[in-house]
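Lettered A, B, C, D, E and F in written order, each chain numbered from 1.
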Amino acid sequence: MVRKDGRTFDSLRSINIIRNYIKYAEGSCLIELGNTRVVCTATLEESVPIFLKGTGSGWITAEYGMLPRSCATRILRDKISGRTYEIQRLIGRSLRAVVDLSLMGERTIWLDCDVIQADGGTRTASITGGFVALCDAFDKLKKQNLISKIPVKDFVSAVSVGIVEGNMLLDLSFEEDSHADVDMNIVMTSKGKFVEIQGTSEKDTFTYEQMSSLIDLARKGISELIDIQRNLLKGILIL
Amino acid sequence: MVRKDGRTFDSLRSINIIRNYIKYAEGSCLIELGNTRVVCTATLEESVPIFLKGTGSGWITAEYGMLPRSCATRILRDKISGRTYEIQRLIGRSLRAVVDLSLMGERTIWLDCDVIQADGGTRTASITGGFVALCDAFDKLKKQNLISKIPVKDFVSAVSVGIVEGNMLLDLSFEEDSHADVDMNIVMTSKGKFVEIQGTSEKDTFTYEQMSSLIDLARKGISELIDIQRNLLKGILIL
Amino acid sequence: MVRKDGRTFDSLRSINIIRNYIKYAEGSCLIELGNTRVVCTATLEESVPIFLKGTGSGWITAEYGMLPRSCATRILRDKISGRTYEIQRLIGRSLRAVVDLSLMGERTIWLDCDVIQADGGTRTASITGGFVALCDAFDKLKKQNLISKIPVKDFVSAVSVGIVEGNMLLDLSFEEDSHADVDMNIVMTSKGKFVEIQGTSEKDTFTYEQMSSLIDLARKGISELIDIQRNLLKGILIL
Amino acid sequence: MVRKDGRTFDSLRSINIIRNYIKYAEGSCLIELGNTRVVCTATLEESVPIFLKGTGSGWITAEYGMLPRSCATRILRDKISGRTYEIQRLIGRSLRAVVDLSLMGERTIWLDCDVIQADGGTRTASITGGFVALCDAFDKLKKQNLISKIPVKDFVSAVSVGIVEGNMLLDLSFEEDSHADVDMNIVMTSKGKFVEIQGTSEKDTFTYEQMSSLIDLARKGISELIDIQRNLLKGILIL
Amino acid sequence: MVRKDGRTFDSLRSINIIRNYIKYAEGSCLIELGNTRVVCTATLEESVPIFLKGTGSGWITAEYGMLPRSCATRILRDKISGRTYEIQRLIGRSLRAVVDLSLMGERTIWLDCDVIQADGGTRTASITGGFVALCDAFDKLKKQNLISKIPVKDFVSAVSVGIVEGNMLLDLSFEEDSHADVDMNIVMTSKGKFVEIQGTSEKDTFTYEQMSSLIDLARKGISELIDIQRNLLKGILIL
Amino acid sequence: MVRKDGRTFDSLRSINIIRNYIKYAEGSCLIELGNTRVVCTATLEESVPIFLKGTGSGWITAEYGMLPRSCATRILRDKISGRTYEIQRLIGRSLRAVVDLSLMGERTIWLDCDVIQADGGTRTASITGGFVALCDAFDKLKKQNLISKIPVKDFVSAVSVGIVEGNMLLDLSFEEDSHADVDMNIVMTSKGKFVEIQGTSEKDTFTYEQMSSLIDLARKGISELIDIQRNLLKGILIL
């Protein structure tokens, strides 16, 4: 089976990550995954949510947005949908899972992931790119002697997989995603352990075996994504 | 290992479902799962969202709420959190997955799941109870000759599983959930197929083998829940 | 004249109050008045509104809500109507009137009255049930030695009366209420003194004599309601 | 007993009503009651709320607002309080009670009552002045042959009464109101019948006899207010 | 060319400013400019926005509102339009420009400009009247020895000019404004210096020469307005 | 005088406009003006606001947004400030002024200007870039034979000028702008006519002569900007 854009079933789209894309942010990047383009910025705030006050621990939280015309149809600017909340909670949990929050000090890092152009995989690109912006922000903190080491325990990347017209595919484009029977988003570390797994079947239910095969496919994609992260960040993060 | 409430690791809490709990609703129930208590109502609306107009297909959507004092701490009444959006999207997708929407006609069923008392598992109880309310609403439609048969393809139930202090547990109470390293919500049909799988690790990542064992545990719980549903609904739904 | 539900003109509907209905709340009950069902919870907050800071006095405030399908027609979840504000202000004033706020210390009690099923009289049931929840919350404070005595000066209950097709009726059901020419809500103490009186005539104006007769009818109902409260609370409140 | 402003216990403050105060409105007035100043406008809308569509009946609804510095303390502009909702519902009900809505045609009249300066009695002044604006709007409709007669069944005015330091007083100023033990707002017709009665006791409960005396006092004030209305409107309304 | 209201091209409409119109405000006036009527109040707040904390400097900010029926068509009460924001920012900047904020102490003055009736020029009338209310508020501060002198550096007034059907006109009425090809609002001091200049051409662009002529016309109007201000305030402000 | 970034007083920053930056939009560009980066998209909607229904005329409206970390300090995502409204109204008016709306048909073009990075001049860059996106959208309409010609009457660009420490400067950076005594935004056509002129003096008032000199400076900048637009659009727009 050949996909519309010429990829094999187990290929990622072309990836490009430009670090330090926004001069004001503590960490930032532009991640391009095929036609999907997301600006990720990490902002430092010298305080923590109320439930962490006095614990010595830090916090990482994410917000996700889309430019009004990042999609085929214009989105109303003031409409924060349920989907948005679902995505920003996923990004936040995924990044917190690989950080030792107790080594951050009582500070918060806000990860803003803003979609400039959307063609499928915006939430997974946000996690993959967000990790890079986060590491750069930690590096800045380290250079200012605010933390003694970058408190990251492992690399983390995310990818989508799905079953489209009977085929298991890696890294779905928007068009593929809209025809998928089953759609999974997998977040994994460099050690192959799960951070998040979200599988959904609006059109058809799925078996354990199908899930298992999809996970294998995701594992391949994530391994490639983490190689790219590792290469980009080799000056600041050795794990 | 014995749990605080005396259950074995693979036991559900006591379950009680009172059908037709609200006299105005097309379908309704009160579901009690241990101390967790949720009122589920199904409301019929004779129209569909704009993207379905003219397709002949119906729609099912869910809303989720908590009474201000359903929790240990009072919740502000007007604050719809990201968690709320995440949950109501999950409920909606789970119920749509077992309904043949094309047999509903161009109408919408609103599932309202309102938590009277929360002690863990409110989202899974909402799915399990919501299914019952939905079937009763369809039965009413059928009795009014608006549909020729109940357009439900399979039973669906949901349960949480997790790893708490190294133990794999079925159906977490709030206290267990707040100490969990890994937390999964599984939505499954009577045929053992997946509708949704959501696994999360805020504290620790998890392996494929751990995920696999948790799924086995969930399968047991869901089988028991579906037996209860099947028994309750035997007058109207034979699958 | 016999009413649709078989009551005489001066009968209350059957009443049932289940104390401690919500395990987390400082005080709570489920009050059932015919088909009307309201969950009342009292929540303690260790602070007062700004206008009471430093005065040593406490505060009692109420919020009122309805589950989306508590009525014949589904209510939108995020819509707080003017009616809601009117009702919660009435509940708050009614309860404050029988409490010696200066003996509460600088703390606030939030009374949440949430309607599970509505069949007329939800605001009066909220006051009658709210009083029970409030007393239980005060009893908890007293047992924790935060206050030396329950600072309640008198019992308080509320009831609706009205003129329907020329008949003066006690405790209107929803259907009766929607045909009423005159509708009054009376809040009274066990000593027969008024806390609130609200009489309204959308369809027809009314005379002093009519008002006077309606008040007599209300007095009878309130006396019965206070007997029930007195009996329920006899372990903690002797007045 | 002499009041701070020199009035006897049963005197109204000086009243001044300027008709046609706003050139755009179908009806309007500025009502001054002592230092209280309210602009009332009546706006015609050629449609009715959804529950009246097709019934041939009209509707009257009210909105109430305060200029930010109409009070001693500046009010935030975007904050619509519960008090506001309570007041605008009262104004709407009071005016609907004296209008034969079935003779209005399917149109709505919006009564906007905006307080320029507040010194007690803003809600009662809104009703008294709102009635004048409403009649002028009906007169305009009649002159345009949209209705055959002014569909007003009776005059209506409102006044506050209360018990302040043991004295029963008519038409409370803000200062008197803030020291009142009991506070009543009475809305009455020229025939002495009640439209609304709202009695409240935040500080002290009250007896039937006290209520009765307060109503007598209100009756006197309302009779004077209706004389003023009758005189102002004699060119257009004979009842 | 004669204008509909009989004015010559370079005449202002009749102006009337009533000082101390609102008894509670630190400073206030009602300004009438033809049919346009605006209530301006100045409210003192003993704090400053966060960006001024600790600088010793004060702040002046403005809010602008319209009564629902101040216009030909009723405005929805809760709708704050973009136009509103644009106007209140203009008023705030204009008044700050003639005040030495460093002499105010760390306090804020809120200027509320509420339009009772709108017939063109509401934003310029708000500036002209707002200046009077501001000076009266400063005078009150001075009398309370909170400031040693009124920290106003110059008089400031505002006027609109425009090109309507080829004619350059001073002080446009609403009708003239709605037919204008070019519309300018000019804010100037008594020394003839600019505080703000805003020229807009929705229908036609304009040349430098046209702009220059319009400014001359505005200068004449502003000179007359400042004479009125100077005369009104002569007891408290000599500049 | 040499500016921090090495420019002479009358130099623009380097400009770069990438057309068709967003694949979904009818027209789009990324405009870079020094460090300022704005994505402009034009979206077609086949309807017009209510006040244009049935007139045959079209409409152009603009929205303006900033990514949360486009500035030195993170901006809250849901906060639409007064400044935002002021800017989007300016952009809309400026573009409408050079379009013959009557030739567009009854359709609306939405111009979204989203700031990716802000370093002064975001509103003027939005107008300059927005014009390019608008022309590309019109070209698309023309190629689909929906309009017979591009209904643009003239080129339009915008630039800021100001007085900083006594120097008149063209195209202020953020740092220059924050030290400016006078700040003007000028919108002009290729024929040197004004579309908008907005001059503001928070720190110091300004004379006619100063305004005149600033306008000369702006004219030079706008001429250079329009040369760039003309060159970019030469394939589709000859004026």
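What we mean here is this: contacts are C-beta pairs under 8 Å (C-beta built on N, C-alpha and C of every residue); 3 or more make two chains touch, one makes a residue touch a chain.
Bear in mind that the values here come from a model prediction, so they are computed numbers and not experimental data.
Among the remaining chains, those touching chain C and also chain E are D.
In terms of the distance between Cα centroids, chain D is separated most widely from A. Ranked by separation of Cα centres from chain B, the top chain is E.
Chain geometry summary: the mean Cα position of chain C and that of chain D are 28 Å apart.
Inter-chain centre distance (chain D to chain E, centres taken as mean C-alpha positions): 34 Å. Averaged C-alpha coordinates give centres for chain A and chain C that are 51 Å from one another.
Counting only residues that touch two or more partner chains, chain A has none.
With chains as nodes and touching pairs as edges, the resulting graph is a single ring in which every chain has exactly two contacts. Traversing the ring of touching chains from chain D and stepping first to chain E, the chains occur in the order D, E, F, A, B, C.
Chain B meets chain A in the complex at residues 81-86, 88-89, 93, 96-98, 154, 189, 191, 193-202, 205-208, 211, 215. Residues of chain D that touch chain E in their complex: 22-25, 28, 35, 39, 41, 43, 45, 63, 65, 67-72, 74, 77-78, 80, 110, 112, 114, 116-117.
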